[in-house]
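Structures given as structure tokens follow.
Same chain, two partners: chain A is paired with chain B first, then with chain C.
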Partner chain A sequence: MTGLTTATGGADAAARGATGPAARSGPVRPLLREWSRFTPRQRLARWLVWLGVVAAVAWAVRSIDIIPEFLADAPAQMADLLVRMWPPDLGHYYPQVHTALVETLHIATLGTLLAFALAVPVALLAARNICRVAPLNWLAQLVLVASRSVNSLVWALIFVAVFGPGATAGVFAIAFRSIGFVGKLLAEALEEVAPGPVEAVRATGAGWGATMLKAVWPQVQPAFWGIALFRWDINVRESAVLGLVGAGGIGVVLNDAIDFFQWDRVATVLLAILGVVLVAEVLVNRIRARLI
Partner chain B sequence: MSASGPAAAPARRPFAPSWGFRLGALALLAYTAYAVPQLGLSLERLSVGFGEAGHFLARMLPPNFARWRLLVEGLLESLQIAVLASAIGIVLSLPLGVLAARNLAPWWIAAPVRGLIALCRSLHYVIVAILFVKAIGFGALAGVAALVVASIGFIAKLFAEALEEISMKPVEAVRAAGAGTLAVLIYAVLPQVASRFVGFCLYQLDSNLRNSTLVGIVGAGGIGGTLFAAFKRFDYDFVSAILIAIIAVILLAELVSGRVRAALR
Partner chain C sequence: MAAPPGAGEGRPPLEIRGLVKEYVPGTPVLRGIDLEVGAEGITAVIGPSGTGKSTLLRCINRLVEPTRGEIRLRGEELTRLSGRALRLARRRIGMVFQEYNLVERLSVMENLLCGRLGYVPLWRAWLRRYPAEDIERAFALLDAVGLPDYATQRADALSGGQRQRVGIARALMQRPELLLADEPTSSLDPKTAVEVLELLARLTEEAGVPVVLNIHNVELARRFARRIVGLSQGAIVFDGPPEALETAHLRAIYGGEDWL
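Here is the complex of A and B:
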């Protein structure tokens, strides 16, 4: 769709570009107009963009620190790794990998719940039609941006330093990372709420809480469930790696297996992660199709 | 589910209680009560933790930019990883996306390619980075390889979906004019999806930049390695300096790519 709009946009611009010389040569000879797709300025801009792209890639290739020997034997090493992974040590799955997998799911779910508990107030503060105080809007937006800009692994490092290694750090890392995402989408949904029902409920003498519950909540409910499912799906993926920095879950088992060079066990863990991610995705799609 | 029940009911209560919602909330509460002790979360642990958090924050402030040379070096390497991974990923995603589109490729090609793309997408990039670090050694090369995989998973998937939505009329017209496969792709298919493709690429460049600051944690080059080392040495003032630098770079990139996307529209 967008492809078509730009195509017409280009044609518009071309028409504008073509009218320039046509206007100069007078309206008498309209048939001699030469059609060109872009104006000279556009052509220059496009050329500069391409130049910038090529320059960036050339700079990266020339100055990146890649050891040529590593590059040369990369395929052989990859093949070696895959051979060592085969066949996966499926006996390792129960009980170690299984308990870790369950812990990962708990981290993802509890993290999502905690994120919502923290993000809903921030979203209410960030939505300009609900909180009318501009400085508070800005403060809430700042909180959301800060939460989004720090990756979940970095949050995990921080919370491992705070709570010590373990699932607690994982839950908090997932939650703090999710606040920004959930809060931003929720605030956008809140800002799109139709003011009519809100006004009507308020006109009956309802207080703030009743207005929120009976006028705003029914309108944002579909968006709310959509965001919750979407974020839970992402969190299942992310919680699988938190263990690499000691924040609990299946990542710990993965890290141990890698450190002991037990590649067949690594393969088992990877298969388990792959399975749980796929199941989560299918589950989320099913629930979403039924709810929304 | 909520107050807006069926309008046809005769004696309809305006704000009927929603039992489904209440049951759901109750189930979530029950789950929380079950799962919290499973993970060993307890109030005393949290209170100790929050005490530690104050200690931790005190050691992070003020940020220490004394080793800015290391910081700039790491950030530049992250940038290089992001640029290279995006470039290679984009170049690989073009053919893969075309091969995965069910209206352009026969099913016996499209199905395995879709499987490959799904595989690229479902493994977290940090896990892929670990595998590449073990396979091809420490350094930026592993980071580039891991992010190429992630880029393919994202760009090729969305590109294939965009391709499946194109109008087949220009394709038919160009083919009727006697054009070969390549000419059909260039003159009938690509113009319809070019701007969306550029949008996906910009988005992925943005997220590659975010992720390239992180793959260093597992030894795949970039500022992440510096960050992890600082954490391990308890250099928390340097940690906060690195975090501030990363956030600044990410915000800048977000700003720039937002501008570019707005200009493209």
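Here is the complex of A and C:
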């Protein structure tokens, strides 16, 4: 092929020059070529997109029915709330808030583990370079989207109905919410695996399991641990609110305090959550820096 | 089914008959290749880019599925194998790649032991409990390729030439009956390329493994191969010893003559 192209290259160019756009740049016309970033069609499309965005914002503001009086005295209400919260009732922390906080961490950790157990097979099915059956890819994608489309509070409501109120419902809510996130990111990491080493290991006569173990896993390993830490971090925060619908954890304590207007206790709970989230953040960043 | 021991004695290591590969139906990349590779030495396949050299090699170990034709490894037909039988056939064929294709995040030793994955059970690979003789052989091969102190280095810490040495050692870990080398030196500088080819030639000769070598560089092909096969537009247009390869043949293989 290469040889042929060299031989006929000149003729090709000549043929193009006679008919194609190259004709304009021929020696007959002076070189006066214009350049613009977008074609007129693209400009129109971009203008329409902007128009759409403005229209959407206008529509949204009109439809949410802002009550001006409530908006006006919001700062006063906020200040009142803060005054009631101060000073926080720190004596309330032990043992009630503490126990609930530990339960929250357990829910987040167990929920993340369960999520991974469920998400890894789905991710393997969703990755098009691992599973070559298109209907299975679609099915796995559907599972992942379904998991993500339901908020963790809604999952919690469902599992409270199944298991009754308590931490079990919380664990399952966290897990089912996380499957979509973990599965999607994991499937993307799997699809980005360099095909060369996989091909090389396959060529040695390794079976599917050995190829996954020695050629694919080493490549997705950093992403895997990164996703695990990141999701655990998110789950610590998510599981803090699950108690609002009775799925265990610190949210239960928070809900009780709000129901009884014990704002100084609410402040204690909020501070406890803030503390845990901060510690989790620092911890995750440290581990991740070592890992990758 | 794997051929019983000794069944393929006397048969040539590789026989290809009427091999056709069409990625797109109706436009064959390989148009009926007939090739028989003898028991020893390097057979170099030369030809322009895109002419099907890589496809030819990958059809042999079925990384690419042939469309038609027969491929025999010591008499055993490979084109219809699947599952376990295919894996058993693949482990008898070593392969060396242009981009080395090492698993970057694994150590050199683990990359070498990847060559044994067709032999060891999965649990051993998982727990890294490879048989002692495999580890012994890996160390011996590291010595042979000149990297005795690199066993615990990660593959991504190596230079290109070092990686290809590991690639060769990994292929030889399989104790292959045939070695396929797909442009093994195209990513290397000229000096390293020669060193790597010398190593490949020496080690495969010692082990008595015939090599099919895809290579761009005609001079290197002449220097290292016992036989040169010229491929052009998916067909063999030259087949003979390096001495017989003349300008006219190169013109037929690559087309044009300004470059000669």
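One rule holds in what follows: the second predicted complex is superposed on the first by the 223 of 292 C-alpha atoms of A that agree within 3 Å, B and C clash if a C-alpha of one lies under 4 Å from a C-alpha of the other, contacts with A are read in each partner's own complex, and residues count from 1 in each chain.
Just so it is clear, contacts are C-beta pairs under 8 Å (C-beta built on N, C-alpha and C of every residue); 3 or more make two chains touch, one makes a residue touch a chain.
The structure presented is a predicted model; accordingly, all values stated were derived computationally and were not measured.
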Touching partner for A:I66 - first (chain B), second (chain C), both, neither: first
Touched partner set for A:A206, first chain B, second chain C, both or neither: second
Touched partner set for A:G196, first chain B, second chain C, both or neither: second
Which superposed partner A:T109 touches (first chain B, second chain C, both, neither): first
Which superposed partner A:E238 touches (first chain B, second chain C, both, neither): first
Winner by number of chain A residues touched, once chain B and chain C are compared: B
Partner chain in contact with A:P135 - chain B first, chain C second, else both or neither: neither
Touching partner for A:P95 - first (chain B), second (chain C), both, neither: neither
On chain A, positions contacted by chain B and by chain C: 1-4, 6-7, 214, 218, 221
Residue ranges of chain B touching chain A (in the complex, touch as defined): 1-4, 15, 28, 31-32, 35-36, 38-41, 45-46, 49-50, 52-53, 56, 76-77, 79-81, 83-84, 87, 119, 122-124, 126-127, 130-131, 134-137, 139-141, 144-145, 162, 165-166, 191-196, 199, 210-211, 213-214, 217-218, 221, 227-228, 231, 236, 243, 246-247, 250-251, 264-265
Contact footprint of chain C on chain A as seen in their complex: 1-4, 6-7, 194, 196-197, 199-207, 209-211, 213-215, 218-219, 221
Contact set on chain C toward chain A in their complex: 48-51, 61, 63, 84, 87-95, 97, 99-106, 110, 114-119, 122, 125-126, 167, 170-171, 174, 232-233, 251, 254-256, 258-259
Contact set on chain A toward chain B in their complex: 1-7, 53, 56-57, 59-61, 63-67, 70-71, 73-74, 77-78, 80-81, 103, 106-107, 109-110, 113, 145-146, 149-151, 153-154, 157-158, 161-164, 166-168, 171, 214, 217-218, 221, 237-238, 240-241, 244-245, 248, 254, 258, 270, 273-274, 277-278, 281
